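Shared between the two complexes below is chain A, which pairs with chain B and chain C, respectively.
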Partner chain A sequence: MCGAAGAVKRGHIMKKKRTNRREKGAAYLFTLPSFFGFVVFVLIPVIWVVIISFQKYNVFTGASEFVGLKNYLSILNDPRSISALKNTLWYTLLCGIGNTGLGLVLAVLVDDILPAKVNVFFRSIYFFPSLVALTFVAIIWQEFFQTDAGVINYYLGLFGVSKVGWLNSQNMSKVAVLILDIWKNVGMSMLLILAGLQNVDKGLLEAAQIDGANAFQRFRRIIVPVASPQIFFVLIMNITGALRIYESILVLTGGGPGDSSRSLVMLVAEKGFTSFDYGAASALSILLLGLIGIVTLIQFAGSKWWVHYE
Partner chain B sequence: MKKRMKRILAAVLAGTMVLSMAACGSKGSGEKKEESADGGKKILRVLNWGTAEEAQIAQDAIDRFTGNHSDVEVKQTTVPVDSWSDFIQKWISMTTSGETPDVINIGLEATRMAVENDLLLPLDEIVEGDEQLSKLKGEYAESLLNGFSVDGKLYGLPNGTQTMVMYYNKKMFDEAKIDYPKDGWTWDEFLEDAKKLTKEDGSVYGYGLSSSYFQLTPWWSTNDAYPTTDDYSAPDLNSANMVESVEFLNGLVEDKITPDPISSDVYSMFASKQLAMVGAGRWCLNTWMDAGLTNDDFDCVQWPVNKKESSVYGGAAWCISASTSEKELAIDLLKELVSDEYLKANAAGGQQVPPTESLATDTEIMGTTPDNIMGIWKAVTIAEPVAAPTYFGDIEQGLLRGLEEVFSGEKEPKAALDDAQAQVESAIK
Partner chain C sequence: MNKRLQIFGKKIKVSHILLTAVMLMIAFVMIAPFLWVFSASLRASYSEATALPPKWLPPVFSEWNLTYYKKLFTGELPFFGFMKNSFKMSTVITIGMVVHGAAAGYAYAKFKFRGKNLMFGLMMIAMMVPVQVTIVALYKIMNLLGVINTSWAVTLPSIFGAMCPGLAGAFGIFMMRQFFLSIPKELNDAAAIDGAGPVRTFFSIMLPMARSTLASLAILVFTFSWNDYFTTFIMINDTDKLSLPVGILSIRQPYVKGNEFAAVVLSIVPVLIVFIIGQKWIVKSMTHVGVKG
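Right after this comes the complex of A and B.
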């Protein structure tokens, strides 16, 4: 009897193992297409970029010569790289925080404060720029930002403000890029955070209100903690996006005047596709990859203090 | 199971690496003769640039060619060009993907870059051995042929050119009671006129400075300066004459004779009568006429002179790839692409100046607006080629960055040009 029971038990275990194996196999099969895409479009190019970063590579002939750390040293000794690094960190701080912070504020505003139809209207308005190709609207923004014939300076002039050199001033060019970038991306941040706000228990908010918590306290003590995983996700996306900022600058200032608004990715593109110096472009890309990795690790390390997963 | 999975993954990884290496290593596969899928036709590839209209004009010429060569299929790829480095990049992409173009329409800016990297076939022997091409060569402006020659060898047959003349608003000159400028006028006379034409309320500027590489060049060439050494081997951005030119331009910016050159769209401003003068080629004329400007409103004159009479020219030429496997067919196609019919159709598009004197001085092709439309061809004949060394992208970007620093008040002209010189030297060493 014992033997039969043992055999049945062993049979169950074997069956369970077979089922687990099948499930695991299916899981691997499902991940295979995206894994294949990752290998072909991410892993291999990254390996290739690492290899090229140690070489002097002639893009026309395909000839290459090992040069050790020369490309890295030339990048680190180039004042333009340092300038682009400073600009990138500036964008990272302000575009990252601006997009996430403003996205959070807008998400709260369009969550359920206003009537439903008005909410839908404003959600659409704020999200609309995310749907538009930046290259098309760039022309309009350039018109807006023109110093002498621009719309913004015209209206500022009506209030007695003298002309601002949005695109021709070294100090203002990054601000113009920041405005364009936030206008373009804040809608997406709002939408993602809005999904997180759906998790907030309305009863909890009402209870807090009855207990005397004001709007800011409810926001700070209830809404932010509950939606913190989504806010963290949006912050990561915005920070890594800002570290790779390119399109917003390219279409508006081209990196100028001078190098005042140039980011690291713009410098990578310039070295690779204007100077055809693939070695230097690859070295700079690897340094940027390292920077993104470090910043992301710092964010993850810091997240345990304020992100609450249930 | 784990081991097996690892093996599978390793195989996938190795396979994809081999595939991608094979893709990278396919450079030069264009040398292999290619046949189309339908009926074994030979394939020629054309790399063109420009507008949809220009692509259609080229396609018409291609259709005439295939009409006489029923065994050949021609595939045209037309790309918009933001920068010539991008164009070269697209060329490289086509080559590495096994679709090497046989016939290429290349801008003067990219010619030396292409020749330096052995991408083009010298055309001298081909032209000498062909009656049609020899005759055509005799009709081109010599300056244009020089532009597409490297070390005495001709690499392209021009199909269009661009230059710069100074356009002025006649009514604004009349209103300010200033005589219209005449060929041979000087920088000082230009400055004096521009100051008088500038209105204090900012509604009209005497001149609109465009801070683009090509558009700026007449300011160097009329001051006997050039951004590179004579043999193009090194930049020469901080020569005394270059510094003098930039100081003159910066004076225009500081005195508010020109709107901000970094952000302003000077061609729209000229059309909307916010500028009294602007430098341009033929490419603006259609837009301005569409905006309502007529011969009564504007005319053109040669560029003001400081040290010598000059301007700038650029342009495009049809070339044959050094790696074509169908040289004879490519030559036949090239002849169709520089035929009279093609050149006339291309010029009629209104963007480019035809590359031969007979077409560029034909009012049926060039039109009669403005009155001095023939001055455009004169500018081509006295102009210097746009400075386009093998490191064109570096010198273009380096110079423009330096000028932006000057115009934004960040640096003095000499300091900015010294820095630009050092940056370009560093990039090309």
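Right after this comes the complex of A and C.
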């Protein structure tokens, strides 16, 4: 009896082995094409950008020579790079906080206070701008931001606010970009955070209300902790997105006036593909990659103490 | 705030009415630019379009000025060429990403094989590297492949990564893997007992189940690539090969804005149609993406 059971067991194992082999074949068949794509279009480019950042490219001969840290030193000594870096950090901070904060507020508003049909209606409208290309909407917002004929100054004027030079003042150009960015992306943040709010136990909220917790306390003590994984994810997404900010500035202000709204990516494109200084462009790219890397590390480290996973 | 009003025979909280008013105002801000550009595209001149107070609603039908739309439709401006290019590139990118995303996502979710964690880990790291960082090297690689200034220079890297905002690279794989992880293992075992090999299980059992996630992924990738500016701007020089977002900026003229307003309206219409049809999937798929960062 024991032998028979053993034979059956061996048969099972052999069959299992055969399936495993077939599974392995299928696994490589399924994963290698995309992995090959990654190697060619993501991994090699990253490594290559690092290499180029240590080289000087000669536009006339097409030759490259190793120059050590020269490109990095030159961008650190270049006031334009420093201002682009400062602008990028400004965008990152304010777009990150603004999009996530307002996204959270909108998510709470469209969660389940009003009847379901009304909520679905508002969700769709708030989300729609996220689907439209920045270049298209930036063309419209450029008209809105005009000093004399612009819609925004017109309505501000009704409240007695004097005309703001949104696009032609060094102080306001970044604010205009910020407003466009939040208008465009807040719906996406809302929807992603909403997914987290759906995990909030409605019974718990009611119990808290009966126990006398006001709306803000319920928000602060119950809703935010439960939805924190999504809020944190959205914050990171907004931050890494804002680090790459490009089209909205290009259309609205062209980086100006002066360099007052220019971002790192704009400078990468300009150095790389207008003045063909590949070395400097790559060094700036690596700077950008470093910033993204820091944010990613914060994501991993922060999620441990900040986020309440169940 | 718990007072109730009697409206249409229903009791409604006063606080809810106030909230609805606030939400309607926000809704107006969200759609105002679209209303405005539609209205502006139908005005005869730039000064009429931008006259204050702003005209949010289009003029009555008999007063519609269609000059600018005619210019786009007759091909006086290469608008539909741009649209065709955009459509071609977005379709190629979408098909490519859905196919390899579904296959690889399935393998990472269900198969055990050597190098799995390393490969998947590398791709997740690559997700954090946007095309803006690698653009200089990517340009050189496309040059080596001899595809600069063709749509391949945009589609190839985009299929394998690049453009989905916030989530570059392995986006499609990640999303499909999340879905396949949610399918119980018993289903695979049952298929294996019935004698279906892993490839057949994938095609005849798993893919049909993944229909709605596949649709969401396709809609998302299509919209994102339809909207992409940066990659096309760097990789393609010839005007007649440009995609819509880049092309639209190339036909801008100072003081004659009617052309670009009409072009913006026509560019947004396809997105609007896709959104109205796929709204349920889009909203659901965004929820999927957000489940676990």
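The rule is short, and it goes like this: the second predicted complex is superposed on the first by the 264 of 310 C-alpha atoms of A that agree within 3 Å, B and C clash if a C-alpha of one lies under 4 Å from a C-alpha of the other, contacts with A are read in each partner's own complex, and residues count from 1 in each chain.
As a convention for this text, a contact is a pair of C-beta atoms (placed from the backbone, for glycine too) under 8 Å apart; a residue touches a chain by one contact, two chains touch by 3 or more.
All values derive from a computational prediction rather than experimental measurement.
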First (chain B), second (chain C), both or neither touched by A:40: both
Partner chain in contact with A:273 - chain B first, chain C second, else both or neither: both
Which superposed partner A:94 touches (first chain B, second chain C, both, neither): neither
More chain A residues in contact [chain B versus chain C]: C
Chain B versus chain C as contact partner of A:76, first or second or both or neither: neither
Which superposed partner A:191 touches (first chain B, second chain C, both, neither): second
Contacts of A:67 with chain B and chain C, given as first, second, both or neither: neither
Partner chain(s) touched by A:167 [first = chain B, second = chain C, both, neither]: first
Which superposed partner A:149 touches (first chain B, second chain C, both, neither): both
First, second, both or neither for A:21, with chain B first and chain C second: first
Set intersection of chain A contacts, chain C complex versus chain B complex: 24, 28, 35, 40, 43-44, 48, 143, 146, 149, 273
For the chain A and chain C complex, residues of the former touching the latter: 19-20, 22-24, 26-31, 33-35, 37-38, 40-46, 48-49, 52, 106, 109-110, 113-114, 118, 122-129, 131-137, 139-141, 143-144, 146, 149, 151, 154, 183, 187-188, 191-196, 198, 229-230, 232-234, 236-238, 240-241, 244, 246-247, 251, 265, 268-269, 272-273, 278, 281-282, 285-286, 288-289, 292-293, 296, 299, 303
Residue numbers on chain A that touch chain B, as the complex places them: 21, 24, 28, 35-36, 39-40, 43-44, 48, 59-62, 78, 80, 142-143, 145-150, 165-170, 256-260, 270, 273-277
Touching residues (chain side chain B, partner chain A) in the complex: 1, 5, 9, 12-13, 16-17, 19-20, 24-25, 27, 83, 85-86, 88-89, 92, 117-119, 202, 205, 259-265, 269, 274, 391, 393-394, 397, 400-402, 404-405, 407-408, 410-411, 423, 426-427
Contact set on chain C toward chain A in their complex: 16, 19-20, 22-23, 26-27, 29-34, 36-37, 40, 50-54, 100-101, 103-104, 106-108, 111-114, 116, 119, 122-123, 126, 128-130, 132-141, 156-157, 159-162, 165-167, 169-170, 173, 192, 197-199, 202, 223, 226-230, 233-234, 244-246, 248-249, 252, 257, 260-261, 264, 267-268, 271-272, 274-275, 279, 282-283, 286-287, 289-293
